[in-house]
Structure formats: C-alpha cells, structure tokens
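First chain A sits with chain B, and in the next complex the same chain sits with chain C.
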Partner chain A sequence: SARRLFQSPRSATGADCPAGGSSVVSVKMGLSSAAEIDGAQLCIFDLRRGQQEGQELDKILFFHPADCPILLQLSVIGLCEGIITFTRIFSPEDDCEVIESDKHCHVFYQAEPDIWMVLVVQKIKDNESTLRFGALQGILKESHSLFAMFHGPIRTLLDRQPSAEFARGHLHTFVTDYLSDFSVGKKLQLPTYRDSLTERGTVQMLTVSREVALEVQSLTTVLGSCLRNVICQSIVLFEDLLVSTTLPLDDTLNLYTYAILRLTPSALSSNGNSWSYLRKGGYVNADTTLSSANGAAAAERYNSRSRDTSPGGQNQMHHNFRPLQREKLSKGKDGFVAADFATTEIRGAVPLNPILWFHQAEERMYLCVYQHKNLTILLVIPASSLINGEEGIAHVKRHLLENASQNIVTVEQKLSRGWGGENAYHVGGYRYILSDPNRKVSRASPPGKVITLSKDSLLALNRLRGEIDLEKSRAKRSDPTHDKDYEVCIRAKNNAWIIAKISRGKELYMAIEKGGETLLYASTAVEKFSNRYCEGAFSAD
Partner chain B sequence: PSIHSSFSNFDDDGSASWRKRKKHFFILSNSGKPIYSRYGDEHRLAGFSATLQAIVSFVENSGDHIKFVRAGKHQIVFLVKGPIYLVCISCTEETFEGLRGQLELMYGQMLLILTKSVNRCFEKNPKFDMAPLLGGTDAVFLSLIRAFSWNPATFLHAYTCLPLAQATRQAASAVLQDIADSGVLFALLMCDHKDFGVFFTHMLAKIQSYGLPENTYLTLLTPRSDAFFDLKDSRARIQDVLLKSNVLLEVQRSLHENVLRVEDVPIDPTSQSTSAPAQSSQGLNSQPLSSDEAIGGPAGLWHFIYKSVYLDQYVSSEFALPIKNPKQQKRLYKAYQKVYASMHDKATGPHKTQFRRTEDYGSNYRNMQIVLSVFCCSESQLATNNMPLGSRYHRFKSFFWKQRDV
Partner chain C sequence: QFSAGGIVKLPKFEMVMSKSEANNKPVLAAADVHIVTVYGRIYCLQLDRVGMALNLYRFYRDAVVQQGTLPVYSSRIAVSAVDNIIMVHQIDAKVVILYDVFMDSYAPISAPLPLLVRGLASNSKQAAQPADQQSSAYGGTLYGEGWNFLIPDLICDAENGLLWKLHLDLEAIAASTSDAPSILEFLQRRKSDLSMVKTLSLAIVRTTILERRPITLVAKAMDIILDSYSRSMKTVGGAAGVRRTSEQNQQSSFQPVEDSRVVSQEPPGTMIGPVINTDSASGVESRQSQSNSGVEHGIANLAAHVDRSSLNTSSDSDGITNTSRAVSQATSSSQISDATGKRPQVVGEDSQPLASGTSMQHGTHVASVAISPIEMVQSVFVLVEDEMMGDPAYLIAVIMEFLRSLSKAGLKAPPDLYVMMTALLACSNRYAEIALFVSNKILEPSRELAMQLIELGRQHSLTRKLGVDMLRERCLHHDYVAALLQDGYYLEALRYARKYKVITVQPSLFLEEAVAKNSTPNLAAVLSFFAELTPSFKTTLDYSRYRHILLEMV
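Coming up: the complex of A and B.
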C-alpha cells in the first residue's frame, strides 16, 4: 500500500548497523534524539537505484553529516522520495520544491534527471521568515554546478561505473570540501535573512572606463594566442570582481564562482590563514574510516584504485584530487596558482592543473591560473589541443610570461588606480542589490554596510524576496517568454522602506531606513537611484 | 513492488477527475479514515486518505509537525486538530497562510455541526467512522468553500455591516437585548450576509436558524439543549417588534440603495494643484469614457475595502465597471488576500503601508494605520505618480469613516 512508502525500513541489508538493535528502536520511536537532528543535513540520492526491497541503501550517493546513523539517513531519504512521488500525482511537470514543517525545512533540487539533492535545515525559532527557499536551493545548485565542472555529470559517472564507487567517492570529498565553507564548529551556518542582499549564482562585475576596457581587450587577445593555432579562453578578475570573459555565460559563472571560493588573492590568503585550519575540524576528512558512511567507505576503496575513464577521468588517476581543498592551493614563485595534490603512493605524475569539464563547450579544458597582485587570470586551454598535457601546459605558461606580462602589469596598474576600495559600490542612504538573472550578474551594497541594517528591516526584506520569488516562478510558468514587471513598496513596522522592483527582467531590492514618511518619498528615492546607477532601468516610463 | 506502483491505485478510484481540480479539501481521521472530501467519493478515497495520514504521522513520529509541501504551483497544506487531519491541495495562487486559515474555518464548520464531542468519540475508538455523521452537510461545506473565494470576510477576519440609520440600528439591537433573559447567549440579525443587529458573545455551540422575510436571518444561540420552545417565543417576539417598528423595511431599502460605489467618492479639487502631473489626472477626468476605459471612481479608483481594526468590521464598495467580470473579481480578492497575508506576517508585520503594482490588472494600493485599514484597487496609469495616491488616501479615509453610519 502507499502507506508503506513512509515506513522506515526495518532492515538495511548489506549495511553495518553500528548500534544494532537500539538504532531500529530509535527510528521506530521517532528521530527525536537531539544529537541526530541537530544541525543541517544534505543528501544526494538517485531514484533509479535501490528500488528493490532491502536495497534502499543503494540510493544514497552522499550524506552529510557522514557520521549520521544509516537508519536515519534512510528515513530522511524515504520521506523525500515519498513526497517526490506524492507531488508527482498532482504536479508531474513541476518538481517538488520544499517541505515546511514546524522545526525543519526540506529544500529539494533535481540536479539531473532522477538525481535529487535535498537540504534539511533546522529552524532556530518558530520563524520561517529567516530562511528563504531560493537562497537555500542556490547552495544545492551551486555545489552541483561546480561538481559537474570538475567531474562531469553525476549520471555519467554512474553510467560508466554502476557500482557507484567513483561517484560516491568524488561526491563525498567534493561536497564535504564545499560545505566546509559553511562550517562553524560541527554545524553548518546556512544563509538566513542577514543574507537578503546577496544572490548566489551571479557574477559581480567591475565597471571600467573605456580606456581601461581597451587595455583589457588587448590583454585578452594576447592571452587567447598562448597556444599556437588554438584560441585559449580566459577570464580576468580584479580582486573578487569580473573584468572580462571570453567564455559563455554558464561556464563563466562556474569558473568565476570557483575563483572567488579558492583562487583570488583574498581566497588564497584565507587558505594559508591559520584560522582556516581551526575551521578544519568542521568537516570530515575523506581518509577517515567510518563504516556507517557510505561515501567515506567508498572514498577509501577509490583511493586504492587507479583508473577511471569518465570525462573527468584523468583527475581520478591522481589521488586526492580535491580542487576545493583550501590547503592545497597556493601561488607559486612564478606567479601561477597551483594545487599540490602530491601525496604518498602515487603512480605517475600529478597534474598541477585541474581539468575541467565545460558543459556548454562540451569539452575538457585545462585550467591555468596566473596572478599578479590583485589581478587573477584564468586561462582555459582545450585539452584536445595538447598532445602531451604537462609539456603543453608548461609551454603555455612560458608563452604567457613572455608575451602577456607587460599587458598584465599595465592593466593591473590602471585598475588599481581606479579602484574605489571595498565600498566602491556603496550608495549612501540605500542598502540594495541589483540583479539581472538573464545575464547572471548582480551588484550589491558592500557587506560592511549591509550589517548596519536593523534586524526588522532585514527580516522584512527577506520575506519580501521570498514572496517575489514565488511571483517570479508563477509568471515564468505561465509565460516563459515574457518578463513580468512587478513593484512592491512596504513601510515596515520599524518605519523602514522595503522596496522590490522588477522591470524588464532586471531586479532591484532595497531597504531605506532613514527616509521620509510618504510613498512619494520612497518612489522618488527609487527613481533617483535608478537614473543615477541603473541607466533608468527602474524609472517610470 | 516499486514505490511508483504504490500510487498506481489512484487511477482506479476515478481520482483522475479530482486530481486536475484547482482546489481540493480533505478531512480525515488520524487513523486514515476519510471524513470529508470536496470532490470524489469518500469511500473510494480510502487509499489516498491513508497516504495523507502516513505523511502526517511520519513527520509527527520524528517529533515535528508538517505544515505544507510545495511543488511548482501546487501547495499541499496540512492542519492537525487532535484526531482530525485537514488537508488542502491547491494550485490557486493563494498564500499558505490563506489556505491554512481556510482549513481552520473548515474545522470550525465541522465543529459547528458535530461539536467538540467528536474528540471523545475518537478517544473511545480510534477507528471511528465519522463520515456518516456529516451526511447531508455537503452543501454547507461547499458554501463555505465558495465563500473563501468570494467573501473577503474569510481572510480579513472581520464581518461587514449593513448601512443603517442610527435609530433603526438601535431599535433592532434593543429588541434582541430584550430576550437576553430567556437564556439566549447570542443573537444575530443578518441580511444577505450583512448583519445589522448586536451580538453579545461568540461562537461555537448549537445554532438554530429561523427565516424572517426571505433574505433576513435571525440567529439565536443558546447553551441550553431544552430551549426550543423558548427560542420559538423569542423569535415571534422579535419578529413582531421588528415589523411594527418598520426596521425590516428600512433594512430592505438599505440593501438596495446604500451601496458604496467608487464613483461616489468625492474628488477633492484642492489636491490636484499640489501634484506636478496634475494635468494628466485632470486630462483623464475630462476625457470621454467608453465603457472599456471607464476609470471607475476618482483618480482611477476601481474598488476598495476598508477594515476597522478595533471593531473587526469592514465595508467594501461595489466593483467598478472595469472589473465587472467574475473572473477578475475573484482575482482581485486573491490579490487582496495576498497583500493582507503579507502585511500581517507574524514575524515582519504588521506593515504600516504596502504599495503593490502588478501587470495583472493595474495597481493595488494598500494602506494600513492603527485605526483603520484601507485597501484600494486603482487603474495602473495613474499609479505612476504617487502624490495623487497619497492625497487620495486622506480623502478616502474621511469618506469611508462617514459612510459607516449613513
């Protein structure tokens, strides 16, 4: 009967049950042990697997925390799968998105057909306004996009190796490393209302003068010709902002995100920072032997193997390829940022350059990272054009140093001179975020200024963004071709103006705390901002 | 058997017909027995009912309580009241708070019919089959469900009064107060869902209804189970007095004449001089209006609702010409409900003001203050300059306040 869907499996064949009988009892009684449900959980599962009775464990591809008891993992996934199936009865076209309960929020994302990621967040108070579905789902989307960039789609890994060892191994190390950025002690600190003025999944761009733009253009051209007969792609960053890109949108976003997380000067400085070593305790090292964790056990087995022919396969040849592992990345004396994945027991050479799989280009690329002061250059070389990987890369590096150095120094100087500092995009009196989802670009008040907003303002803004997210999804479903305009102005209980405006696909969210009383004041403020900083994108016609 | 096959039995019970509906209500017991279903035959819904019960209890077993599930435009909202589970499956654009409020009203309706002794029935027998007890009450539930879309009282948590002269209202109240001695707790005089009598306390016990002239209802509430003949006497007395004092005549007349129309809201000529785009609003007022372009009231006002927070009462206007179509009216109520839910969110509300503009059908302007709430809907072109709206608000405030007592 359908009810069986929601019963916890009494036995999980093929799995060690560390606590034996007592685990079964605790599941029957409910999963109410504080230690078990404390903090957030992230799981990745494949609905095409483990459909036989007793084989449910096979569904699980990843689970955080890794030391979560197996029966609890199965219970979480059982609920998720049951709700997915249930919602498909009414809504076959639209994916299940969220389960809201008093104490938890389950956020769903179907990363690939039948491969689901679910984030289970614990609510601190009985106050759902602190969490926004879109922000939480953004974490799932981002982690999957980055994973696919380094390892290719999960489904491809599974198709090539149905026993799923490599898939589980890679997911375990990658997602664990990714989550380490959110770790505070043993818990995950996920986006809340305090992050209402941020937008994951977008690029922040640097505005440059025409003169500088031309310099950048010539740099890009030089970079493009670092390999004879083949054009190399490049991304140029200044501080944490994008200056130029020759890649298509999605690939740019992925690579940019990775750069911000691990490659830019600020990211690198926090790698070597002892502070990050203190935080290391927050995540599970892939080498730990924990028999109750599917992924960790698989990671062990995978470490002792040597060959895998998946798209990112060459990465697997080299053990412990962990592009998100902070400690391994550093800038060498030659100016190139590289990852030192050398560990013991390696057979063959270790490539110091990660290999990426680009979705839009459908091609494997080598990534070469060069940094000069605050300028970071990501050079992307098609793998197919380098017959001998290592030698070819060395040649490209030489070519870059010989031919592009001058351009690089000039561009860096000019950008530094024109740099407004961390408050470059601060606008007095406003706390805002501007977003263009179609171009995946955003710009916001600097974090140092956003924290001056009161809790009430941020809560109201967060709640408003949640409402707008729902309106946007509805509009998209009913007419995907047309961007619907929308405007909301709220005078909150603390007298702050909380404003949202969507105009021709662009979005503006802002909070004005010390403002006038009337609606006229609020709309004039938006108009002024729009004319001055958005080229009138949000002004009345 | 695979997970998917567990759900295949839903094709057998004719569920395809109700699965495609926009809004569905279920009431079931905590043992999975169906009690009420808006569409479909309860008896054939046993399997689906069991699934709903399984979902709720699975989450309860983990020490939590499920609120809702969302998938695209579908929301499945849950409400647990002791041994009773209420579920709403909807792909309308209503908010979670709105749908849950509707489930609360459904539960209240069920209690009105069956009283709280149902809890005791379930305590004695968890597998108690309650559905037969609700036999014949389908029309009541359907009427309530219909009110969710058409009666703003359901989300405003307020009721509306019929405009009457003070003297008339006092006469009606007096006669109701006279019968207070006969054990009547609560008396309500209503005409077409608008009340014009006074009531003492509230809610939730046996109610007996009597009809007076066709559209007038007297509701008397008593806690005594043996009060039938006394109530009959009271009714006769009330009817006598009301007829003699011409109250009922006044009521009928008021129904037809004292309707609030947006076109009646006075235009204040002084406000126009303060706004820069004054010529645009003047220009619009002087243009000849075709029935399609009719702008309704002054400055494009199409509709308003005014709620008094202290009194929990509201008044609303008739729909102006541009929104005479029932579909548009329904959408307008939904929009009001969304704004109301937004303004009254527990964590961030109540908002002092909210202005909302969508492409759907022009502009919505809501303003709430401590004393009163005003909801207005007006045409989009004029909403772009906010000065007139701001001053309009002040005009409306005084106009509405006067309209309450004709």
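Coming up: the complex of A and C.
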C-alpha cells in the first residue's frame, strides 16, 4: 500500500521519486538535517503557494521550532511535498498518512485542501515501536480544528489576504500556544505508548441518572433563553466531563476540547502553574520577536482595510487574540471566565469573549464561560443577534445570573452528590478504553490506574491499537458504509491479556494483567465487561 | 363580651374563641362572626369593623389559631362557602372575593379587586335579567335588603320569597386571571363539575403553550397537574372504598357541602321537583349566558323557591334522600345551627385537626379531576404539535419540562411522547441531542422509540444505529435481526439469530442478502445453516430456489 511505502531511508531517497529536482535534493537534506534536530518538528504548508522555483519559502505557513534554520525548514517541507505527490500516484483518493524511516516518523494530515500539517517525530531507540501514528495525527487534527474554531479555516484567511502574513501570525501564536502543553523544556513530549488508553478527539461523558439529566436539561432551557429572540446554545461540563450539549458533534468536540485544555476548574488552576513555569523557562519569549512583529503590522493593515466587515471578524483583526494563552484566562469574581486579551492592543476593544466559527452551523458565535464550583457552562451566543457586541454580552451575563443561578446551584449540587470522584469509571481488574468514533465519545480507565500497568502491557496495547487502526482504514477503503467487526486477544510477554474488540463501530481496548491462563478467561472477561458497562455492545453473538 | 374585639385585643380574643368551642351559641348570635367549613376544617371569620379586616381563625381540637387576615371593603359582609372556597361578600360594593385557604394562602383566587368590581356591575345586571324574564316574580336586587346569607352556600331572599344557591362558575374564574399555575392549582382542588375542571385545565395548559409563555411558567403548571394526579393515584389505591362510605355518612350529617354537590350535578328537574323546575332551569340558563358574555365574575345563582313546605314535599316525593336532607337542613335556620352545633362533636371524634375528612374527599373524587400523563399527551401535546411546528424548540423545551415533572412525580411518560419528541428534534436537525437523550435515558427506550429512530435514520445514519442498538438492548430479537438484515449485516444477523433462537425471520431474507452480496461461500453457508436448523427447510420452495441460484453462481 502506498501509505506505508517508506520503511527505510534507502527507499525514501530512491532516485525514482517523481517530484521535481529540488524536491529530491530536499529529500536528502531533510533526512540528514532532521536527524540533527532534537525532538519533534511540526510544519504547516500550503501546496498552492510558492510553486515557482525560488519562492518555496512562501509555502511555509508555520514551522516549529521557530528558530529552526530556514534551509532546514525548506528541506523538511520539500520532502513532505515530494512524498505527497509521489503517493498520490498510487492512491489518488486517500492521503498519505505516515512515513516511517529509521530514525523518524513523519505523520501527515491534510487539514484543508492542499494545506498540510506534518509532524516529524524522532524515534526513540527501542526495539518496540512506541509511537502510534493515529495518536500523533490526532494532535494535528485537534490543533487544526481548534484553530479553525477561533480563526476560521486557514484557506479563508489566505484568500482574504494573499500575502498570508495574517494567517502566519495567527498560526504562529495559536499553534505555539497549543504546543506549549506538550513542551518539556525545549522539547516536545508527544504521546507515546503510555497514552495508549486515551483517545484524542473524543468527548468524555459524565453518566448521570435520568432525574439529574432532566434537571440539567431544564437548566439548558433556561440558558437557551438568555437572549430574547434567539436560542443560545450551551455546553455544560462537570469537572472534565461533558454533561450536556446542544451543539452538533464536531462543534461540541471542539469546544469541549478547548474547555478541557483551558477552561475547566482544573485547567484554570494549572493555567497559573504553567504561567510561572513559562516565565521561568522563558520558552515562549524566544520566538515571539520576529514574526509577531510582522503579524502586528499585517493585522494593522488588515484592520484598516476590512473595517466594515461583520462584527464576527473581530478575532481576525487582533493579532494578540490568543485563546490558548494560559496566563490570560482567569475566573472573575462574577463567576465568568474572562480572557485578558486587550492588554497591548493599540485600538483597544478586543473582544473579551472570543468569537467562534462553527463549521456545521456556519455561524459566528460569542463564547461566554460561567463557572460555579466544578460546573462549567459554555454559553454560545450567535454574533448576528448581538448588535452591540460587548454590551449585549453584558446583558446576557446579567440575564444568566438573574435567571439561571438557582438552576445552576441545584444542578451542581446534584452532580456533586452523584459524582464518584476521579476514579468513578474505574473497573477493578480492567484497564480499558471504550470509544465510539462515530459519536466521538470515549470512556477510559482513570489515568491514575493506567500507570499501574507494566511497560510490556502498554507496549503491546499500543502495538495492537496501531494494527487495528491500520485494519480499520483498510476496511474503510474497501467498503466505507459497512462496519467490520474485529476481535483480537493477545497474550503479552508479561502474560497479560491485551484485547481489542470492535463491534458495530464501537471499539473496546483493554489490558488485563492478573488474568487467568486461558483464552476462555479473556473472552468471558470481555463478555462480563460488555454486559455490565456497555449494555452488551461487545457481547459475543 | 368578645364581639368587635379590636386588633389590640387579639390574644385575649383567641382565648375566648377556644372557650366558645364548647358553647358556641354566642358565636352564632354575633353577626360579625361567621363559621365556615372548608376542606373539612372549621374556620371562624371574625369581622373587625374598626380595622376593616376579617380575621381568620382555625379551630383545632384544643386550640384556636389565628391563620390570617382578609381585607374587607364593605361595612357589611357575608360569608359563604362553596366547594371549599370561602366567599366573602362585600355587600356594599356588591362584590365577592374568593379565597382558597387550602395552602394557607390568603390571597384572593381570581382577579385583583378592580376587576372584581367591574365583574359585579355586570353580574348584577346579567344575573337579574334572566331571572326576571323567566320567573317574572323576582323584582329584588342583588344584595338587596332582604337577603339572608345562610351557611354554607344559600341565600334566602325574604322579600321575594326565593332561595338562592351559590355556585362557582369555574370557566369565568379561569378566564378572569392569567396566572396559569395558580388557577390550575385552584381548579385541581375543586370537586364540583369535574369534567369542566378537566377540560378547563387542559385548555389552560394548551393556551399557555400556544401563547409561548415562559418555560418556567409552563413547567410550574405541569408540575401542579401531575402533582395532583400522582396524589390522586396514591389515595385511590388501597381500601379507601370501604372507609369512604362510612365516612361519607358521617360527613353528610354535618357537611351539607358534600351533598349539595350531588344536587348540582344532577339534572335540575329530577333533583328539586316539578314545582321549582322553571326557576332552577332559568338559573342554569342565566349561568350559561353569563359565561358566554364572559363578564360574569364567577358566581352563578341558582334560583329555588323558598317555599319551604313545597320544597320539602316535592323532594320527599321524589325520594331522593340526600337532596332532601341537604335542602331541608339548609333551608331552616334552626337546622343550620344544629349542623354547626354538631361540628365540634365530630371534631372531637377526630384526633387530627379535621384533616381526615379532607383526604377522604380527595381520594374519592380527585381521580376524575386529575389529568393523567396520557391525557396530557393526547389533549395537549398532540393538539398543540401542528401549530407549534414553526417553533419546535419551544415545544421541545416544554416536553422536557413535562418529562421532568413526570419523573419528579414518579410517573412514566407514554412512549408516544418520546416518539414525538425525537421527531421534533430531528426536524430541527438536533441529532446530536437525540443521541445524548438516548444515552442518558431521558428518552426512555421502547420499541416505538427504536422504530422511530430507525425511521429517522434515513436522514442520519448514526440515529439509525441508536435505534438498532435500542432494539438489541430491549431484547427485541426479531426486530433486531430484521434491522441487521436491512443494513446488509446478514452474517451478524444469522449469528444473533442462532444465539437467541430467533426463528421468526424468513430464511429467504438472509439468503437474498447473501445473493445480493454475490458471495458464493456465504450463500452456501447460509443455506446449510438453515437446512440444519430446521429440518423441514429442505422441503421448502426457498431451499430449492436458492440452491438453484447457488449452483448457477458456482
């Protein structure tokens, strides 16, 4: 298959690579120079730009680390472009997803037509493969969809301003802020086999009783009526778990992800920590100088040109709108989480409440976040219904405090009472992840329990998940409408049972370390789990 | 010596009252003290002329407790009680203010006072006119000089020789206020005119929804209805019937209200007799005309001749014992004092502060007043649905509140409601919420709902999956296998059919799928599977047909 064509550096530098001459050169450069760079690289580039020789630099929209020499950046992107072009010969329908070489792993993601994100990860010298490309691609997907939520699609930004300074400025601040979550010192710490019982790009739900669910729904109704004429959408979270949403799947996922990263009580409290850390490390300071200066100028230009755009355009006009910047977010005395974006803005009046783009609703929305104890409420207000922006939001906030406070307190109390703590979804003896990729929902053993697994189990699990990912995408290519069922049980080196089961689109992965000897034991263990916790979804037919 | 006791003297007054329980003759003698029985409790209303207020005391077994104060707008007042409603007649102003003291609230039920005054003006005209036309004997005015107010709900017009009986025109009361929750509360407590209460209540809920009143208000309204339903369900169950009859006998001796309700329900002709037939009919008519005109303020006067002897004889000859007792008791003032005199004794028998009688009444009659969830769905949501299609979000929110009320009252919603709700959500493209509600069981699983989800799945395949999963979880094996087959998962369906011994699904359906997938080995496998499962299968037409197809494929 074209997807996994390159298993060794020898074949990657193969002379019959059909890309242009410069690409071949960069292939060699890329591989040699990438090896010199410590840690991971992430680049975003646009294949529609810089197609003439000498203008290759124009392709690059983002490169991490930012202090990487331009030549090296070009070589990495050149390699990637070459591979993309090459693999399209064999598989015009499906994108190239990953190349594995001896020392590196290139993970591809076509975020928007011809806009690619590539993550280059150095392999740790180990006999076992510790990375799972699906997990790495998850990072690319997540960062892109979050970016698009706040700034709109990259292509739109590029179309509006062909010089792309503006898009670059935003990508730079946004993705850098995003990656700061992964950075340890100067390196990026990307997901490894230790994270094989997590699934990026899924929502974790709180299980509530019917009675409480109805109570929450009644709160949602009150929240929805914060504006007189239009219904406001809302998402309710308890701790880091989703309780209810009125938004479509994708938008829910994006907002949920954002909330988990920055808005929930635990995220907010760690905001403070990382702030102090960042100050000490001085990590962000190093690379903000050059391009943010450009960005500022571009923003200024843009601002004057598109003054008359709809109010929703405001995010775009302010280069220092950084929704992922931890230190700017804090919970106010009134219970609303506010972002302090406006500090250095010349023109002032940066929206305190970010505006979101929802791709399903195709509407721009204000985001308003309210927090009561462990309950986080994300209220989404259609921008078109607020004529006077900030003032309108202040009105909505007042309305919320006046009408919903009682409901919020009740709901919080009921949820707290029913909340089983962070180990609520622990199932003794099992370490599992249960996910439904269609509905983008997952539930997993608490992290504190997963770390008790031995390295062998985790490695085996990681490997198994990788294999299943591969199988799934193969099956999807042959018949996209038909769900194929899988079941794999393996006995790992340490005698643990590693099990994967996919049934009618739902997936279950688990590790059982202190299990019995026989395969029968493993399958009854799955059966039991399925009947008790999955409503029989994985029970054998 | 306690008459006209001022506000200042209240504590002293209280003591006097408790003494009067044993010997209440002075109470009756004083024109400013009225005794009414509502909800089986005895209240004493004492007019404070100086303070222009009516003090309300409740008689407990061993204490008298002041409950509240009602304002008075007239120097002369009279008090009646109809269907557990205290009526305070403001004679000078010719108004009646209605109080429902069940929940210890002392606010008037219906409209604020100005509205009431307007209602009276028209009432005096409207009520009088038909009576004039019909009987042409009654020339007196309402609240005329000759009016004697007899407890509980009769008015004796000595000048014209007429006996009036007070009724509540629930429709008019309901129309006079826009506070839906409180009027529903009021209606649900009424025991007269049960079908009227029901239709009125349903109509009120419907209009609040159609008028898109705030959700919280609608929620409160539905809370009240379901609350009263679940209460009635609790009291109806058990051996209430046996106790009821004995209690009723006991009550009828001291509670004419109970019996007079029977009177009002029966056709006037058979009830009171031929002599007064015309009058009582005219009363009904006047009542209708009043409610049609919509300005009547809530009290219909049913005319009856005060001719005591004719009344007694006619009712005796009819042999309706309850009626005769009620009327005869009420008509003679001496008997009234008898009746009131009996009350303390009955009170003494009950160890509770007169509450047991109330609960019995509820138990026997609320069942028909109360509106079941199914009735709510049928005569509110189904009727409202078409008109609300423009704004499904509002109706969804209303149904959600209804479900919440249901769960609070421990009641189940009919599956139709869930089906309707899913349809509403789907037509506003809120599929994600359908999934959420199915997963947190707000939409309770049922076969109907599963089928609806599968139906909606034509537009949204994930929703179909929800429906199919629901079939499996509900162990609806046949439907599940059929659904799997429809999706082309014939091998999975076959495995499932084997495990759960589903033999109701036609083998040809499986075979057809296998043929459609053009898979020779699978078709052969399916064929042999059925041949083994059901020995008679080999003799069927299907077998030979698909065997033929199989041979051709090979």
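Here, the second predicted complex is superposed on the first by the 461 of 541 C-alpha atoms of A that agree within 3 Å, B and C clash if a C-alpha of one lies under 4 Å from a C-alpha of the other, contacts with A are read in each partner's own complex, and residues count from 1 in each chain.
By our rule, a contact is a pair of C-beta atoms (placed from the backbone, for glycine too) under 8 Å apart; a residue touches a chain by one contact, two chains touch by 3 or more.
These numbers come from a predicted model, not from an experiment.
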**OP:** Using the touch definition from the top, say if A:79 reaches chain B (first), chain C (second), both or neither.
**Re:** first
Original post:
A:485 contacts which: chain B (first), chain C (second), both, neither?
Top reply: both
**OP:** Pick one for A:221: touches chain B only (first), chain C only (second), both, or neither.
**Re:** second
Subject >> chain B versus chain C as contact partner of A:261, first or second or both or neither >> reply: neither
**OP:** Based on the superposed arrangement, let me know which partner A:98 touches: chain B (first), chain C (second), both, or neither?
**Re:** first
Original post:
Touching A:252, do we find chain B (first), chain C (second), both, or neither?
Top reply: second
**OP:** Go through the superposed model and pick first if A:424 touches only chain B, second if only chain C, both, or neither.
**Re:** neither
Original post:
If you count the residues of chain A that each partner touches, which comes out higher, chain B or chain C?
Top reply: B
Original post:
On chain A, what residues does chain B touch that chain C touches as well?
Top reply: 485, 540-541
**OP:** Flag every residue of chain A that touches chain B in the complex, lowest number first.
**Re:** 1-7, 29-32, 37, 51, 75, 79, 81-83, 85-91, 93-104, 127-130, 456, 459-460, 463-464, 467, 471, 473-474, 477, 484-493, 495, 518-520, 522-523, 540-541
Original post:
Given the complex with chain A, which residues does chain B contribute to the contact?
Top reply: 2-4, 6-7, 9-10, 19, 32, 47-48, 50-51, 53-55, 57-59, 61-74, 76, 89, 91, 93, 96, 338, 342, 345-359, 384, 386-387, 389-390
Original post:
Touching chain A in the complex: which residues of chain C?
Top reply: 214-216, 219, 393, 397, 400-401, 403-404, 407-408, 430-433, 435-437, 439-442, 444, 462, 465, 468-469, 472-473, 488-489, 492, 495-496, 498-499
Subject >> List of chain A residues in touch with chain C within their complex >> reply: 205, 207-208, 210-211, 213-215, 217-218, 221-222, 224-225, 231, 244-249, 252, 438-439, 482, 485, 504-505, 535-537, 540-541
